[in-house]
Each structure stands twice: as C-alpha cells, then as structure tokens.
Amino acid sequence: MHDARKIKVGVLGATGTVGQRFISLLSEHPFFVLHALGASHRSASKLYSHAVTWKQTRPIPSVVRDLVVEECKPECFAECEVIFSGLDADVAGPIEEAFRSAEFAVFSNAKNHRRDPNVPLVVPLVNSSHFAMIPQQRALHSPPLQKGFIVTNANCSTTGVVVPLAALERAFGPIESCMITTMQAISGAGYPGVSSFDILDNVVPYIGGEEEKMEWETLKILGGISESDDGVRSFDMHARQPLRVSAQCNRVPVIEGHTECVSVRFARRPPPSPQQVREALVSFTSDAWTASCPSAPRHTIFVHEEPDRPQPRLDRDYQAGAGISVGRVRQCQVLDIKFVVLANNVAIGAATSSIINAELAVSKGII
Amino acid sequence: MHDARKIKVGVLGATGTVGQRFISLLSEHPFFVLHALGASHRSASKLYSHAVTWKQTRPIPSVVRDLVVEECKPECFAECEVIFSGLDADVAGPIEEAFRSAEFAVFSNAKNHRRDPNVPLVVPLVNSSHFAMIPQQRALHSPPLQKGFIVTNANCSTTGVVVPLAALERAFGPIESCMITTMQAISGAGYPGVSSFDILDNVVPYIGGEEEKMEWETLKILGGISESDDGVRSFDMHARQPLRVSAQCNRVPVIEGHTECVSVRFARRPPPSPQQVREALVSFTSDAWTASCPSAPRHTIFVHEEPDRPQPRLDRDYQAGAGISVGRVRQCQVLDIKFVVLANNVAIGAATSSIINAELAVSKGII
Amino acid sequence: MHDARKIKVGVLGATGTVGQRFISLLSEHPFFVLHALGASHRSASKLYSHAVTWKQTRPIPSVVRDLVVEECKPECFAECEVIFSGLDADVAGPIEEAFRSAEFAVFSNAKNHRRDPNVPLVVPLVNSSHFAMIPQQRALHSPPLQKGFIVTNANCSTTGVVVPLAALERAFGPIESCMITTMQAISGAGYPGVSSFDILDNVVPYIGGEEEKMEWETLKILGGISESDDGVRSFDMHARQPLRVSAQCNRVPVIEGHTECVSVRFARRPPPSPQQVREALVSFTSDAWTASCPSAPRHTIFVHEEPDRPQPRLDRDYQAGAGISVGRVRQCQVLDIKFVVLANNVAIGAATSSIINAELAVSKGII
Amino acid sequence: MHDARKIKVGVLGATGTVGQRFISLLSEHPFFVLHALGASHRSASKLYSHAVTWKQTRPIPSVVRDLVVEECKPECFAECEVIFSGLDADVAGPIEEAFRSAEFAVFSNAKNHRRDPNVPLVVPLVNSSHFAMIPQQRALHSPPLQKGFIVTNANCSTTGVVVPLAALERAFGPIESCMITTMQAISGAGYPGVSSFDILDNVVPYIGGEEEKMEWETLKILGGISESDDGVRSFDMHARQPLRVSAQCNRVPVIEGHTECVSVRFARRPPPSPQQVREALVSFTSDAWTASCPSAPRHTIFVHEEPDRPQPRLDRDYQAGAGISVGRVRQCQVLDIKFVVLANNVAIGAATSSIINAELAVSKGII
C-alpha cells in the first residue's frame, strides 16, 4: 500500500520500553504509518534519536530517527487517526481520555482503563467480540463521540494464559478453577525496572498487583457481554459459570518471555484427556487471523511434544512473538489438566496485542 | 570433643558436588570426624586435593587435602562407623548395599533406596519416627545385621515442601491436596549438570523424574508406619487420609536454593486462616532440634513478613542452609492457603539432611 | 535461482552447535542448497529432526527436517560439491582430509588445519588473497588434486580483532603491538560446553588454548604470502614487520557475542588520532563485499559513537551477525589507541565466515 | 573487650549498599561499636529496620535493628569518635567536611575528597604511610583541628590492582606502564544501580568516570609524600618515576567481585620472571597486618596455581573478602608480565578498607 493511503498513527510514551516496541513493529506495517511520537515534557521538541535511549536489538527505524518528539497533547497529533499508548500508568489515565475526547481511536497498553465498565479489555486472539462495547462507550461521552474510543489490551501475564483457557472453554465448556504460577521476564517491568542486584542468581516471588490483575482480568476477558432490559451492556465477568483463578507471580532472570505453569479443572465431567486438550489447543483459531489481521499469528497456539518445551529463550520469537506456545500437557493429580504456557510479554503480551486490536478495529470498520 | 573420641566417618562420591558439601560440613563437626574418602576408580589412590575439582566457596579443608582417595569398597573403610553417600544414582544402589552388608550405618543422598519398603526416607525435620523401621530392615538381611542399615534423605525439592506440610498437618490435621510449582537451582543437577547454554536467560520447564519423586516421596514422608497382625511393619503412604500432590518442576538460572510456590487444601473445614497458618509454621519444632542435633536449625521454619521474600540469594544461607523459609502466606482462590517456600537444596536438601539423620541415629542409640 | 541450478552442499557435524548454525544460514542461501548432512555414527541413518537436539531460536528448516543423516564419509556426499565442516577438533582432521582427497571443496570451522603451511586461514572480511595458496595445496597431493582443497576460518575471538586490525594496517601501516582482553560468550564452547555452575554470577579468566590461537592466527591472517626463488609459496606470518600480540581470554555469562578490549601501537610515528582511526574503520570495505558475496556485510565495521557500545546483547545481530562493531575509540596511555570490538562468535566468528569463504571461492572461480 | 571500652562509631549513608556493609562488618568488631546511624531526611527518625531495605545475605544485626536513624549532622553523633561514610558522592562532600570540622575522624568511601591534596587516599594494604598527611590537613583548618580529619579509601577497581602493583614495586622497583582491563560486578554501582535489562546476557564496556579514577588514583596511592623546603607536604603522584596507567572498564553480570586483567612493564631490565613475580606477591605483607589490624587479611595476596583462577564466585569471600587473589602470572608478549586480579569490591574495595584504615589510625595513635 502506498504510504499516502496508509493510516497515520501516533505513539505515546514513545521513548519507553513499550513505545520502542510499538515503533519497531509499526515501522514495517502494511497499513499503519508512524506519523507522530509523544513523550514527556523532558523529551519533547528533541529529535527522537536524541531523546531516546534505544534498547532494542534492531537499530532505530530510519522513519522515526529524525521525527521531533511532541508532548502528549491531542493537538500535536492532529493528522493521526490512531493512537497507540505505551504510557506509564502514573500518567496514562487522563492523557488517554483527552485523546479519546478529541476523537482519536486509542489503543492502550496501560492498566488504567482496563477495569472501566465501558472499555473493552481485548486480547485479540480471544475476545474481539468485546469491541461491541464501543458504541456505548462513545455514547456516554458528552457530547457523544463519533470516532473516539479507548480499547486496552491485557496485562502481559494475563495474555499468556487466557489464550489457551479460551481455546479450552470453546472446546470443552466452562473452566471451573485455574491455578497459575508465573515465571516472568524482567522486561515486563520496563526500564530501568528490576535492579540487577535483585534478580541475578535470584527469584523474586512477588510482583506488586500482578496476581490481582491476573485473577480479575481473566474473568473480564473470558466473560461475555450481557444486556439489561433497557439495553445497557455490561461485561459479565464470567458470571454465568463462576471461574476461580489463583495466581502466584514470580520474577526470574529472563529477559523476555513469561513462562506460566497452569492447572485447570473443567465444569464438565468427565474432563477431556490430555490428548483431547492438545488437539483443542492446536486447532484453535483466533478471530484476528480469520479477519486477516496482518500481525496475527497464523498458528494461535503451538503445542510442543518435547518434554522440556516451551522455553523462553528458544520459543519467545516464534511467529515474531505473536503466538502462544504450550507444552507438557498432562494430567494433574489435584485439578484435571496441567500444562506450561509461554507468551512473549513484550510482543503479544504488550505492543503486538494493541496493534492487532487496531487491525481488528479497521477490519470491523470501527476505524 | 577430642578427635580420638569422635566417630570416624567416610564419604562416598567424595569428589562430586554432594560429596564436597559433605566434606565441608563434616570438617568442623562436633562429633563426627572425616576419616576416609571414596570415589570412582579413576580418582582412587590420588590425594584428594589432586583428585577433586573443588567448586566450593570455602577452600578444601586441610584435614582432607592429603587424604588418599579410596575405591568405594567396604574394606577400604574398615575404621569408619558411619558412611555418607553422595554417589550418583547409576552406581549408588549396589555399593550402598555392600556397605550395609558390611555392617556400616549408611546415610545416603541417592535416590536408589528411597522407595525400598524397608528403608526409611527421612527428612530429619519431619519424620525421625521412621527410624523405627531399621530393626526390620536389619532382620531381613541374611544373616541378620547387627549394625548395618541404610537411611536415605529425600529429593531436594521434596525436602522443602514437606517441612511446612508436616507443620500444617500437626496443627490442623490432614492435608487433602497440594499443588506445587518449583523453581529449582542448577546446583540440584550436580556438576557439570545443566549446560549454561540451556539456562542463561531461560527457564527449563522440566526436570526428568522430579515431579514423580515429589508426588511419591511426600506421601511416604508424611505417612506413618503401620503394623500388620503378624508384626510386619510398612510405610502407610499417607493412606489413612489420602493426600493428592501435583508438582510442576522448573529449572531457573539460580545457583543455590529451590523456591516453591505451594497451595494446599485441608481436610478439616473450615480451614485455618493465613494468620493461623503463619503461627503454626513459626511454632513448629523439629525432633532433630529437640534431640539436640548439632546441625539442626534452631528455627525450623522462618516466616517472612515482607511481601517479596523468601528469595534464594538472600535467604538460602539462613541458619547455614538448614532451616526452611516461608513467605507470602495468603488465601488461595482455588484451594485454601498458598505460600512460598525456600529451601537450600545442597544443605537441608542434601548433605545437611544426611548429617542430621546421622546425628539423630546417634541420639537414638542406633549408632 | 532455481534449486536445480544451485550448488549442492553438505554439512559435517550437522547435529552440533556450529552445524546447526550452518544449516540455519544455508537453508535460505541464494546459490547453495543443503543436500546432505553428516554426523557421528550414533546419529547416522536417523532423520535429522530425530538425531538433533535443536537449540536455535528459529525452528528446524523444513528442507532438512526429513533428511537422513549420513556418516562423515565422502561416498555419502557424492552429489555435493562443497562441504562445510562443523566437526569437533578431535575428529575433524582426518575426515576433512578424506573429503579433500575425494575432490571436495572443504570449508572448515575446526582448528585442525589452521596451522598447516598450505591451508589458507581466511577471515573473509580480511585476507581473501590467501586463496592463492590453493593451487600449491592441490599440487602437494599425490596425485595432484583437480578440485579438492581445504580452507579454514579463524577462531571466533581472532576473527573479531583481525578485522579492525586489518583496516588500521591498510590505512596507517604496520601495527607493532596489540594487547587484547576478551570477554567471550558461552556459545563459543559448543554444547553442552560451559557448565552453568561455572559461569552463573561468575567470570572464568581462562579458555584453554585460546590465547595461543589468537596470538598465532593473527600473524598468519595479517601476514602476506611470500614466494621463494624456486616458486614455493609460504605464509609470511607478518614477518616483514613483526607484530607482537598479547591476549588475555575470559569467559563471561553472555550467550552470544564476544567483546574484546583492544589496544594497539603503530610502527609509524606519530600515530593516527582517534578520529582518524574511526574514519579508517568506517571506510574499510571487505573484498567479500566488493566481490558481491551475498552473506558479506554491507558495512564491514560499524563504529559506535555512544560511550557504552557495542554491547553483545544489543549489537550481536547487526547485519545478521556478519559485521564487526567497534566503539570507544580513544587514546591509550600506554600504547597508542584503544577501542572495544564486538563480533558475533557463531556468525562471523564461525559459520558465516565459512559460508562467505565459499562464496568468495565461487566468485574467484575456484569452485 | 567490654562494650563500654569500645570506640563508639557512627555510619553515614547507613541505609545504602555500602552503609549496610559497614554495619554488617562493624556489628562484630573487636573494638568499634555501632552507636549511631545517619541517613537522608526521608529515613531520619525511623527505626533502622523500618528505614532500610536490607539486601545483605545475613540478617540485620540485632544491635542496630532498633536504633533510630539520625540526620547526617554532627550534633546527632556527639558520642561517637569515628565516622564511617558510605554516602553517595552527590551529598558526601560538605557533610564529611562538617563532621571533620566538628572534630570527628572521618573514614570515607566516597570519591569526593580523594583528589584533595591534603586528604590521604589510603588502600590499607598498601600506603598507610600517607596518614602522615593528617597533621597538615588539620593545620589548614581555621582554627586548626585537634582530632578531626578525613581519610578516604580508593575506588573499588583501583584497590584491586594497586595491591599487587605495590608488591611488585617493593620487590622489583618502579613499574613503568600498566594496562588494566576490568570486569566489574554490579554491586559496584550501588542499589538499584545497574538495570537488569542492561546486564543480563550482556557486557557493558563502559563505566562513567571509572577509567579516569583508576588512572589517577593509582598514581596517588603508589606515589610517596614529598616535602618542600618550607615544610609543605604534597603527594608526589609517582612523579619520581613516571608510571603510565591505561584502564578499560567493563560491567559484567557478576554480583560481587571485580576481576581485572593486568599487564605491567618494569623500569628495571631485565624484568623479573613469572616465578619471581609469584614469589614477590605471595611474600608481600601489609602494614595493616603487621600493625595487628583485626580486619586485615593474614595473607595479603593469594596466588593461585590452577590456570582458571581466581574466579569471582569462588574466591571473593576468601579471608572475608579482605585479601586479594591473583592468578595466571605469565609473560606478556607486549609488556613484561601479565596476570589476573580478583578483589571483593564491597569488602576490601569499599567498607573493609575504611574499617582497616580506622584500625590503622587507632594503632598509630591518631585516634
């Protein structure tokens, strides 16, 4: 597609870890084109290459090298249609709202609006149906918005686990309970993030707020949308078949790729066998792929047969980090089935999810 | 105690990882004295300092530096009373039996005899009562042994979890189910063990045979000894109140100290509160401490209040690695209570356990 | 190019670390096509995907997945023209000679023939002129060979340093002395290679034979070819202007990418300034690039301006690992100029060098 | 010694990395007793155990657990005689001067006064003779001080190298030039210090200001004190026999222990042999040991014979981190002799040096 016909996009938080990843991914996108970059007051009005401490393994894309960084104000992004937000949670809330009010389509990686009852929390391989909440979100604004909205993606550790859970629920009906122990990469904490003094030769068995996010977000993502008699829509939080989720989150000395040990119990008895589970995971296809989203992984879930996979170093870049790897599917002595999940926390767990969400929105005609 | 009055001990597998740890610990022991070292044919007849590639952070104890390494044959250990075995599993079985037949008290860290129905599998902070099986073990030998026996300690990852489980069962009655996800140090695999290529910037979600060991050993250790009408004793494998254990074992880039995320469900309803669990753990006292074993930790279980502890690098050397650290005691959404355990896999998870077992045997008059 | 017109190549040591890298790189080559794979007797006659423990971050190329592994005998590679050897040094010597005798063009990463006075030791970004020794190498065989020869590439740590040294000698004349301290990645030791117990939270200030290799190979590579009165050619080992090289080699916990701190003293006085050195490095162009070798890097040497670069994690994949990164060019208080070099030890430091050497041979009509 | 007869000491910067190390070491000191702790305004008036994020592998000493943290003002330390400063460089300057003016003996680990022409820069294993500058330092104050003074210790990477250099100069006369490449532990950067994102699977070939410190401090430490005709003393900066030092500093993923590759050229020809160098290093005895300083290492320099030592993980705790380890003494092709040095950057490279300096001052009657 000729650049003139591409959709102009802006990136907020462009100098941060997630912002850098947005820029890397968008610099080669088939129908989005990087047009404006926003960052804090300290960086604004500098050339991007001067403002950023670039920490990606690929060089800074030439298209952004000489862009002048803007402040994160809607008027600085006037020519853009789509905004990707990699802002930190301490500033993301009001800034993203200002962009929505100014009629931008905002795709956010920040946690601020995930619990908003009118904001879809979308893992694009799982619940694109939640885009149906956007009309109500616009209508609540005064005056009602024509084009503006916010869609968030999930926490990086939630993203990894909801994909196989969704595949299993689609095949075998509701999951009743789910235990998750994570081993999360340091890139999930941004930069400078985790001190090397805390993580070299070490495990930190705690990530502030992470377990609560996993336990709550999973319910919103795997739940549906219900509608009251007077037409008000709400996320049902998996209420029709309560799902109990228990998460234990750990930080490990891994740069990229969250590994999660998962065990589930199904409502339906008898539960599926490990082999049935493997087949259901392999055959799961995402709406994003069906909708021909260019960043969606061809294989939503790869199921390893080798006993010692997936491993973050070897498997995190599979399908450019957009797919989910699962291995060690086997019976659990306590619940029904246990397995290991690997998701790339900075790709499908962050920037890639936002981008596929935007691709879905284009495909659905919302943008 | 004057050296002449100390009990002479030998170490088998003296050049290996566990053997080196035995030697470090025994070189300063109040009533055991290192007298003979055994290793493979390749090392035999060399000076220990020439045969070993010493990998401990403390220098080789001067007492063993010039000992001549022996082959692992009973006749080479004639003056010893007690044998500590750090042999690899591929050779430990018949060698340990030969020493038992030759009337040595054998304390083994190898897995070979752990499932033997007449060999106690003793975590010295938990089930010293299992020493009661020794008379039957001796009697089965032909001719019956006077002094020889084998006692094994548990797998390093089992050891960490059975201590708090024992404390909880003592306080609140039987545990019904237990889910464990481990993050295990590379030292658990010996030397050279894990290739750096496999573990730098990585997690390996699999350790061959480890999950089965944890699920089986836990039942033997936490079970009692039952006696049939004709006086035959057997380990009851927690049979009176079945306990389901599900383990997921991972290798992480940590040198020493296994971290384990545990969740339990109690048989008794309602279950104890997190605060009751904390108190039960703190107040748990081991038989080994009560019996004044010099290597037993004064505090069997330390309970951390900070949310991000225990951590292997900071907590693995607590009480010379002989105690167990627990943290993050809280409610579980799926089972009842979840928490994090840290145990030093090469101290209480290996050599220290064998040594305390020997101290217990001395205290009980079995040696 | 249609596959039928591609040059068929075989890989020896195909299941090893270097062999896997050869296969990854050759699976997408514009004019070489993978045709046969050789490994030890243990792997022979298995499907490659069954024989190999694949440790690359990209999946096994589909083209080799179902190839049957052969023994490393010339008759099994009859249809191939070119042989890439990733064999271990303990077996490489006679096997490579057998392939040469059978008229194969052998490009070896092994050290065995590097010191052979008739075998070119070629870093393809530096001394492609050494291919001129091949006729003499063939003529020495009885009967003289028509097509067979062996060309080796250099040790991975030598490769990194000779490229900037060659650039500097080309611009400023002979270097008189050179001090090098390396910080080498664990992948340089193959698999399983370095035990994690030796390298986590550690540096090992010794790599057996490495310093001698660097000190010797540098002289052969940077030297020319002299010819005696009776037409016998020999590598002159930088003899016309003696160069003293002192290397100190260390292993560090890095997966890929050797970092080297280098300081040089020039023969010519006054020596060049740091800025002149930077310019000479940037403008250096390799014969391989001039000869349009498809795997040659467009920029032979990248010179970083930021004070903290190059870094192995960020810079090792620059130009697919085929280029050399230099940074921190500055004056030395003892010699003249010091700087930091980064080279990808498994790309340009190993398989990529062999492949570019083969491309050079094709370009020169030697194949 | 009864506590009442011990010398009361205070620690400034008590919550920081170096401060914590001071506290660990001083809590068991034979004649210093911890009496007051100072930190920033933010920590002041809290209990130490609440103010600190304790990151040491030993628990907080009970003696300080309930001390109330003071602000870093002399009046809060009235009962102390000696002050140890672990303050950050951005605040250390004026605070340390205020304590000196208030007649405290200040032993500082900060860099602020190292270049002061009247402040001794003392590595206690090397140049205790520099204490001779203290009378002049006191006299310059207006009014002249009776008891107050400042003594600093060296940068952690300087400390490691000057000890063997001093030993070599004592045995073989002046060193003419010295090349040093360091591989420094992350603990040298304090807490949080180095981001894990920068150092996992990586080397950073740059530490701001470090090379300049090493090149300058070495001259001051190894130089003498000269006296002008009018009795003014000055550090001669090794001026009588100029010494050129060239340092290249790298950060590596090691927690504790700086490894340094060193090569030296002696003024005297012919230079000593490697064996003579080994003997000179082994036989070097420090003034601190001769003066019976309790924290001084019995063996100032340990010389390893194994080719792969010293290693930071195995050797950094030798003699409680107070001694220096050297290995791989061999000839250099460019200078004369090269070797590897390991020094514990947080022990002899920081807090332990200050403490031995204070012990020396007591021994010399300066306190």
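Labels A, B, C and D are assigned to the chains in the order they are written; within every chain, residues are numbered from 1.
Heads up, the rule we're going with is that a residue touches a chain if its C-beta (ideal position, glycine included) is under 8 Å from a C-beta of that chain, and two chains touch if they have at least 3 such contacts.
Just so you know, these numbers come straight off a predicted model, no measurement behind them.
Visitor: Taking shared residue numbers divided by all residue numbers at the interface, is the value for chain A and chain B over half (same) or under half (different)?
Guide: Same: most residue numbers at the chain A-chain B interface appear in both copies.
Visitor: If you fit chain B onto chain C using only Cα atoms, how far does it have to rotate, to the nearest 5°?
Guide: 180
Visitor: Please report how many Å separate the Cα centroid of chain B from that of chain C, as a whole number.
Guide: Centre separation, chain B to chain C: 49 Å.
Visitor: Using CA atom averages as chain centres, what separation in Å is found between chain C and chain D?
Guide: 43
Visitor: Would you kindly tell me how far, in whole Å, the mean C-alpha position of chain D lies from that of chain B?
Guide: Result: the chain centres lie 42 Å from each other.
Visitor: Mark out which residues of chain C touch at least two other chains, giving numbers and ranges.
Guide: Touching at least two other chains: 55, 198, 200-201, 253-255, 313-314.
Visitor: Report the residues of chain D in contact with chain B in the complex, numbered from low to high.
Guide: Counting only chain D, the residues touching chain B are 55-59, 200-201, 255, 313-314, 317-318.
Visitor: Which stretch or stretches of chain B touch chain C in the complex?
Guide: Those residues of chain B that touch chain C are 17, 55, 186-187, 191-201, 253-255.
Visitor: Considering the complex alone, what residue numbers of chain A touch chain B?
Guide: On the chain A side, the touching residues are 177-179, 181, 183, 198, 200-206, 208, 215, 244-246, 248, 250, 252-255, 259, 261, 263, 307-314, 327-328, 332-335, 338, 340.
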